[in-house]
Amino acid sequence: MAIVLGPNQYGKAEVRLVTVSRSGPVHHVKDLTVSTSLRGSLESTHLTGDNADVVATDTQKNTVYAFAKESPVGEIEDFALRLGRHFVDSFGHISGARILIDEHGWDRIAVDGKPHDHSFSKAGNEKRTTAVTVDGDRAWVVSGLDDLVLLKSTGSEFHGFPRDKYTTLAETSDRILATAVTARWRYQGSDGNWDIDWPKSHHEVRRIMLETFATKHSLSLQQTLYAMGEAVLEARSEVAEVRLSLPNKHHFLVDLKPFGLSNDNEVFYAADRPYGLIEGTILRDDAEDPGLAWHTLPTF
Amino acid sequence: MAIVLGPNQYGKAEVRLVTVSRSGPVHHVKDLTVSTSLRGSLESTHLTGDNADVVATDTQKNTVYAFAKESPVGEIEDFALRLGRHFVDSFGHISGARILIDEHGWDRIAVDGKPHDHSFSKAGNEKRTTAVTVDGDRAWVVSGLDDLVLLKSTGSEFHGFPRDKYTTLAETSDRILATAVTARWRYQGSDGNWDIDWPKSHHEVRRIMLETFATKHSLSLQQTLYAMGEAVLEARSEVAEVRLSLPNKHHFLVDLKPFGLSNDNEVFYAADRPYGLIEGTILRDDAEDPGLAWHTLPTF
Amino acid sequence: MAIVLGPNQYGKAEVRLVTVSRSGPVHHVKDLTVSTSLRGSLESTHLTGDNADVVATDTQKNTVYAFAKESPVGEIEDFALRLGRHFVDSFGHISGARILIDEHGWDRIAVDGKPHDHSFSKAGNEKRTTAVTVDGDRAWVVSGLDDLVLLKSTGSEFHGFPRDKYTTLAETSDRILATAVTARWRYQGSDGNWDIDWPKSHHEVRRIMLETFATKHSLSLQQTLYAMGEAVLEARSEVAEVRLSLPNKHHFLVDLKPFGLSNDNEVFYAADRPYGLIEGTILRDDAEDPGLAWHTLPTF
Amino acid sequence: MAIVLGPNQYGKAEVRLVTVSRSGPVHHVKDLTVSTSLRGSLESTHLTGDNADVVATDTQKNTVYAFAKESPVGEIEDFALRLGRHFVDSFGHISGARILIDEHGWDRIAVDGKPHDHSFSKAGNEKRTTAVTVDGDRAWVVSGLDDLVLLKSTGSEFHGFPRDKYTTLAETSDRILATAVTARWRYQGSDGNWDIDWPKSHHEVRRIMLETFATKHSLSLQQTLYAMGEAVLEARSEVAEVRLSLPNKHHFLVDLKPFGLSNDNEVFYAADRPYGLIEGTILRDDAEDPGLAWHTLPTF
């Protein structure tokens, strides 16, 4: 028996990058959180502390900032691919990179009903995300969104579940259904050449999930989850696979009978913990092998 | 010398209340976090543990839920006044109440471009707030908003500040100015009778602050703060006083010279800590005495 | 009617300062979060953007770091007094300062049962705090602690409270009592000259509160609160006043009857929200007027 | 091409369970956060909303509470195994379960120097964790700890790293090294029969990691990470594999030269973001295949 180094990676997490594009009076702001991780032949630093192969995480951070100036950041998928490709191509012992980017949205402030040139308000907590993995000549793009909080006040049932000695939950044909969507979708292809309109794809995937959540009558959150992913795959041929993590943010009907009051699905207690958690994958049965697309990403 | 009980209050914090108004197919959702505090002659429980005067915090919570059913919640200011008045009028030893309500916004999901009847997405982190204080026959209303995050990419300078031996900051005639507005405004009047269109007042105060932030050329965040409050007072006669807490969310220009790159206000590092914190009050010089309006509220 | 500037202050919040005292092989670490606020004649910057009186918050931050080197930081109360005095004495238009410091504890790692010279593990979330206010020649010291989380599994009752139409809570003669102590205590004196052993005073106040919580049979959390403050004032003559904010972190007995099981105070659900919140002041009836000691501090 | 359901799981997250063992005057408190996830043939609910195979997450929660009464909770590994085995054995369509448990520590309050019978203070943020996966007849145990925050004020260097056009970091032979350890270790065996003293194993793994962090002179955080895992594997034969995620919590030396001051590793700025993040696996080269031990766990 010997003790050996297994899979490992290292990098700089949560580099906060804000860029202002100022060509003309109308400014454009891009607000990103970038995390870089490198992989490769890194035995030396682990076993002996010899850092000849360790691209310093400080250098990784500097590279993010410099790249943001050397050419326009553009879409997060493209920026992540550029960064990942750079690290893998520039350093002999670095064979792989994983770049995570969260994009935070800003809206223009309206003044006299017109969007202002250079003043903005934050658009909420929802984030557009990408996770790009580069390995040698190959690359994978998994984009997504976080913290899209949804609620429907009717159109959701839950019944027919098995009852054992520990079951007390009443069946219901009308409940609030609320969740905070974490979605990740893997794009087809891994040869490093994509011809995808990233923002349009993101916009459409998001729109389809929202509309499906709204209009699909729900018999379980699992059914809603599957329908959301299925609708994306039916409409967007560039997407190979969708993974969704949907907390069931319980809204419990308050028992008002002690006060002589009825409660016809009108007054609810929004609970924090515990919460249901429904996680699933919807994919094409002929989807390309995911390779390293999901490696070290939160999986669900 | 004797040891005595000084000011005190107690209550139930963060009651999560969601109501659905279902008269017809178009539902309306209200999502509130309610905190109640009672004040009065509470020596007995403190000194001897005799709870004859202690309206249980569980009862306070129940009252919030029951009131939400007994008549429509309506505007948070009105709901808070009803709750506060109830506690003070119902229990002999309770002479005062403070009710805090945060309202969380929800937007309707658009389906085929039209707002859905009963499906919603969360509107972001910004909260509409109120803090109502009832004391005997009197009452005060302090409304506000939290977490309105703003940024302007130009139109902000900072120079002319004193330089001592510890000063290293460079003067600037062009910087990013970013903040997260916490605003509280006190309404005129304390006799318990208001004839104010609360949502319109909130909407207008918010609009005025946003427009002022956007359009006021800033020589300091203090100047911006004062201008925001002044504009509110000039336009809204129902407001006696505005208090603002504005963190200066620093966006530092990244030094790209080591990489042979210029940085003409294009690439920034958004810092977390430390941050500047500018807090101030703007008021009418003939404003009514605030009484207990601000008592135990975060003051700034 | 005119619109005027009311109370205001500004400064740098959450300066993270870690110092290492390295005189000899045994190192000592001090880990502080320092926030500074200045007050004074600050109309110019608010009204016109003239910053001639605005000590930049960046300068305030620099001063914190420089002072940490110029002489040993020492106790947080002394360091805060030095900083506050410096700002008020150095700048003509600055008449007041408020310095907040949180101290984060570190324990030495034990190696072979002996404390290591220069390796430490964080001591938990509890913080030692101080809030020093300087105004002209006077100064006040309010020290405290945050996030001291306590629980007793018996020795707590709650009954005898009034029952109205909204009351459903059962009386209990045995419950879990749990809280997270936020304590603030004001020291006697305001002339800027204290002869107090700050760490010993902090240690003793903390010990007394802990022992009182543990041993005082509780008929209400209010009674426990008062007893904790009273015990501090009885034992520590340097303390004029104690303020406590005690959330009632509810532990609800789980109803196991549906499963044919009893539950004799054995199995609990620890709830997050809502929670009770009990806040009160215990003071000497001959305590010196607090002056500005509590100004803009969270009051409860 | 068809669209199909891929890997999925669902359950109840963050069930807060506190038990009090009251046999005699000396009480014992156990404070756990339990998350359950079930896997199996769950196509029906996803595709049609037929919930005949869906053990309700509410039932899962009830089961946690009932099991805590039916027999003593004991060690978290054993409790998780009992829960996981129950779900897989009780429901035909459920073939797998993953149970996550975090244990939060409590210390006895000292009164007159002696530990109190039934009063406790929270021991800090560090958590003992386990992740148990049951699949058919097999089971895996991955235990760990979170939020063990460590710092050494000397005994850490970093130099010899490659310098490209984006490198500005200075080499250092003496720096603060600080991290917050997330550790997971997989136990040998998967037949569901362990004869391991879980608390002793946890205690020893933790002790070894602490002592290694303290005493190992560090040329890189990677070297420290490897040394910590290697020391565990050398001493604890029951452990097959160790995974560590170590943020490099940067403490930057403050430049005091502008103030005419030296800074011989005495005054530091503790930064929040960005941070380095070093993640790695140390394992026995003859370790049993991990099977599903790590499936859907955060991997690093």
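Labels A, B, C and D are assigned to the chains in the order they are written; within every chain, residues are numbered from 1.
The criterion applied here is as follows: a residue touches a chain if its C-beta (ideal position, glycine included) is under 8 Å from a C-beta of that chain, and two chains touch if they have at least 3 such contacts.
The structure presented is a predicted model; accordingly, all values stated were derived computationally and were not measured.
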Chain pair showing more contacts of the two, A-C and C-D: C-D
Of all other chains, the one whose Cα centre sits farthest from chain D: B
Whole-Å gap separating chain C and chain D, where each centre is the average of the chain's CA atoms: 31
Between chain C and chain B, distance of the C-alpha-averaged centres to the nearest whole Å: 23
Length of the line joining the C-alpha centres of chain A and chain C, rounded to whole Å: 38
Multi-partner residues of chain A (at least 2 other chains): 16, 62, 66, 166, 168, 258-259, 272-273
Chain C-touching residues of chain B, taken from the complex the two chains share: 1-16, 35, 37, 42, 45-59, 61-63, 66, 90-91, 158-162, 164, 166-169, 218-220, 222-223, 225-226, 229-230, 233-234, 241, 247-248, 273-286, 295-296, 298-300
Chain C residues touching chain D - in the complex, by the definition given at the top: 16-22, 27, 29, 31, 62, 65-66, 68-70, 106, 109-112, 116, 118-125, 148-155, 176, 210-211, 213-215, 251, 254, 256, 258-259, 261-272
Residues on chain B engaged by chain D in the complex (per definition of touch): 165-166, 168, 258-260, 272-273
